[in-house]
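What follows is chain A paired twice: with chain B in the first complex and chain C in the second.
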Partner chain A sequence: MTDSSPPILRINALTKTFDDFTALHGINLNVRDGEFLAIVGPSGSGKTTLIRILVGMDEPSDGAVWLRGTRIDVVPANKRPTCMVFQSLALFPHRSVGQNIEFPLKLRGVAPAERKARALELLDTLRLPRDYYSKRIQQCSGGEKQRVALARALAFDPEILFFDEPLSALDYRLRKTLEKELKDLHRRTGKTFIYITHSLEEAMVMSDRIAIMKAGRFEQIAPAEEIYARPVSKFVAEFMGEVNFFDLVKGAAPGVALSAAASAALAGQTGTLTIRPESLRKLTAEGVADLSFEGIVTAEYLLGSRIQYRMTLATGQEMIVEVLRENAVEGGIGAALRVGCDLSAAHLIAEAADAAA
Partner chain B sequence: MQQRERRLGLLYAAPLSLFLLLTFLAPILLVAGFSTMPEKVFSLTQMPDFSAYRTVLEQGYWKSVAWSLFMALLATLILLVICWPLAYGMAKVFKRFTLVLTIGVVMTLFVSENIRLFGWVLTLMKGGLIEGYWRYWTGQGFDAPLYNGPIIVFGLVYVYLPFMLFPLAQGISMVPDDARQAAYDLGASRWQILKEIDLPLAMPGIMVGSLLTFVLAAGAMAESKLLGGRAIITIADEVQTAFTYGQNWPLGSALAMVLIAIIGTVAIWAISKADLDAMMGRKS
Partner chain C sequence: MKTSRLSTALLIAYGIAILGFLYLPLVSVGLASISKARYLSFPIRKYAFGWYEDALTSDTVRDLLVISLKVAGVVTVASMVIGFFGALAFARYNWRFRKTYQKLILLPIFFPQTVLGLALLMWFNALGVVPSWKTAIIAHLVWIAPIATLVVSIRAFSFDAALEEAARDMGANQWQTLREVTIPLLMPGVTSAGLFAFLLSWGNFPLSLFSTGADSTLPEWLFAKMVSGYSPLVPTVGMLTVATSAVLVFGGLILAWAIRRLRPES
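Coming up: the complex of A and B.
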């Protein structure tokens, strides 16, 4: 999985316009063979439009999609070597579990005995008991239906397997289990997975790379750690979880006390400083840090092993701080709090980068 | 508690049961009783001798039965084929136009079947709307396409179209779009989607529509009388003749019983064969 290997899927200047609305603005993307790519975005960001075009249920207005060097955006969905796990799963209610899984093989005229053998194999792969073969779809639980839909897609043996938020309707615990199973399945099958979701959490658990979409464009395409540590825009930073922003104008940031070293490093720069609540630490009155902040605690929330504080700075700006439980602020709400972090924990989004987004 | 609920259930069911008993079961029993009487009597107090059934067998009435069933079957099959695309459009494609179409089709039901069939006779007959104008303009006349078997089937198709169309549209509207899309995505051609997804999932609508049109068409007579000019005499026509001109109530009753038995068997067989719940995937 190096950048030098040829991409399995190449999306080139893909545009989709509806009557008076542009859903996709000439997007480009290369997907590596065997990669687990998550496309994340809020609703209306164009991710559903994109996947519908990629599987062939919609036509692009402009641009092209190439699969291993073959142009596929002009090929109807039933002739493409890709398939999708639907949000609704779209299992066939009038067919048994086995018949559902065998469906793509039946279409290709595979002999019944061979079909059944493959379906049983897939039941094993998805860790469903073999006697589910003759069960009705309605007898399956939500998680089991999920696995049947996956088995059916794998029976198709696609070059790329697309997922359209298939876990969004499940309860939290089942979703967590299936996320891990999916990642596991990806490793075992070695197939290319492209997964659409609005949940970044889901994307972080499973994917090799995350593509963040906003208003029909990709904001950032990178591994999860990089997106988390070095977001290219405020949108991405906020999408990745709670974050504090401080405007930096020519090396000066109101509300932020900078050490001499930090001042030197940031001198003359303009942009937005992003600081994650959990990278801040409590400082004593004499304590020193590259960046330090002082304010009054206005709210506290218990988050299991951590405590989150909201504090108001002298400039009036609100700030979120998260510390371990043992470092709780004495006095709680109303108490004065001084926090700080190293310069390396504060990521600077340069002016130009954010303006472009 | 449970017993009281059961008793309440019986109580609530009583009015409808009584109504059905009086209007459905009683007439059938009456007809069944008359069918066993000696021919040409008008009372139920004679000794049953089943002679009417012998007449049914000996007088070649089976031909009317066979013709009625055959034409009903043919009309049902034709209706299935022509209504499917229309019903599909109504259920999935036309959107607001569906309402216009529904009102249009329902409106035809406001006018009596006989009058509408007379309209067709006036349109098709020699010197009628079509042939008359044709001869006026071209000087060449042609024979009216009336008074034969095919025009009777045409009449059946025309009259019973709504009874196929609406159940079919209802059935097709129950086919989930995502199942069709998933099948397409998994490589199914249009025909495979029709065979594997649409037909099985719309089966309740297909069954209801087919049964309705078949049963109604098998008991029809206006089409053969008006359009067909009695080129083919249907069994319902024979029943009416036996009761009226023939003044032979037992014969009419016996013919009616034969028709009821055949259609009843077909209907019950079809309903039992077609497990609607299982087809819809509702059975767990």
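Coming up: the complex of A and C.
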């Protein structure tokens, strides 16, 4: 991070142990003011554990958390200027929509008239009709409940807003709509959002940076494009979508034909070459590329405007290739295929990085 | 699936038979209470409502009623309070001896009430307490409070712990969380627990028998009069007892319904 402004949230060596199981292994993280940070990772990687500690619902076993320079891991949840939107939303079923939104204001002793005005304002912000104010929670649809939960969190006016997979229970179309609205809301409010999700797609649409979590550690924290183009480990590379791996030992990679320039560049290096299926292009018999591969097509899948091929190389390794429809392979399954890419499209994960993960 | 006409008829007949089996005894008590004869006999030859007048003006009956109401009233309120906090400990909060507590609290329910009553009587004697309606309250509570706790616990188990966490997250302290979230959400459970507690105490015989000492509750008196000194006042008072329970249950249901109707505005 080159940003010179101090981070709004600083997490230092945060560890959480349950009996004999360590859910978080000394996590470090800085979050910029106004950032939209997505935390993604497989089930059980510790995302919820982390966020619960950050809002104060659980205590860390070790480490510290600072918010704008104040240490907050020792502050009780109800005294922290943070707020969380739960997966279950946790809307109060015995209160109306308006009362739910006003809840944090009521706790602060804001006068009823003022509370109501603010709640109505927030209904506008979340594009809910004003007459929802007196509706019961049970009468709201899934997407409407989502918005009420957001309005309530905004009424609290937190320094940082946390989300734990808030959209996972909704259908695809509604999720897409709300993703955009959330991104919009983030822009309009300028607040810091920290957002947990299972879905990488969701993270890519909304976030400024993505933190990829695995078994209680961050594997990589960077903007989506960077994680995609330069993953630090095979785990991250695979997590970001389909990818081909080739072992590189002292400059030689079985199954990969290297041009003279590529050979020189990779000389003596050891690690894993990662190549995305869509960065490969079809080569003619005489065509040249920094890296080239030859094999027999074993399967083809239509993906809208693109076609994906599986091919088996002479080494027996399977490879995934994706090309535009107009470049379809004649003969399809069983045909010989030669593909290649530039060295810049092949990212090298050095040995040490993956071993450490 | 469509049921045939025959099976429908059989089902209805079965239902009527069950209801008859359950309620005919009550009807016969009702009829006995308005019989003019001094002894319990069927068929009833002459009807009279004089026994109700007698019952309502009798000092004995008034004393019985007052004692039964005092016992049941205190037991109800105490059960609601104990049930509420007991359920929090039973179902909401994780603490060290929770498992043990969950088992211990169920224990009194498994004791036959006569055994429990006897044990308590011996205990009162050992402590040098003279049994009266006050000790009866203790005896009833030993048995009824666990039931009330279970009734509230069912409610407590069914609500999302995230609701309390959310309240806290938005700045509520412990007391505000209790007032704004926990109590309103557990209230239906507490109300049912209260109704149960009243009915169980109001109709309880075995525990009262051992623990009231010189005082007497309505069920005790009914039993004593059946054993010796029967008069039509017995079924009359019996019917009045049932009527009180019924009024209370329906009153409670109507109240709960009214509260639910009024809530969105509050």
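Here is the rule we go by: the second predicted complex is superposed on the first by the 355 of 357 C-alpha atoms of A that agree within 3 Å, B and C clash if a C-alpha of one lies under 4 Å from a C-alpha of the other, contacts with A are read in each partner's own complex, and residues count from 1 in each chain.
In this section, a contact is a pair of C-beta atoms (placed from the backbone, for glycine too) under 8 Å apart; a residue touches a chain by one contact, two chains touch by 3 or more.
Just so we're clear, the structure is a prediction, and the values are computed from it rather than from any experiment.
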Three-chain arrangement built on chain A, chain B and chain C clash or fit: clash
Touched partner set for A:Ala253, first chain B, second chain C, both or neither: neither
Chain B versus chain C as contact partner of A:Ser134, first or second or both or neither: second
First, second, both or neither for A:Ser96, with chain B first and chain C second: second
Partner chain in contact with A:Ile39 - chain B first, chain C second, else both or neither: neither
Which superposed partner A:Arg152 touches (first chain B, second chain C, both, neither): both
Which superposed partner A:Ser88 touches (first chain B, second chain C, both, neither): both
Doubly contacted residues of chain A, that is, touched by chain B and again by chain C: 55-57, 77-79, 83-84, 86, 88, 90, 92-94, 103-104, 107-108, 136, 152, 156
Chain A contact footprint on chain C (complex, rising order): 160, 162-163, 165-173, 176, 180-181, 184-185, 263-265
Chain A partner contacts - residues on chain B that touch it in the complex: 176, 178-179, 181-189, 192, 196-197, 200-201, 279-284
Residues of chain A that touch chain C when the two form their complex: 55-57, 77-79, 82-84, 86, 88, 90, 92-94, 96, 103-104, 107-108, 134, 136, 152, 156
Complex contact set, residues of chain A against chain B: 55-57, 77-79, 83-84, 86, 88, 90-94, 103-104, 106-108, 136-139, 152-153, 156
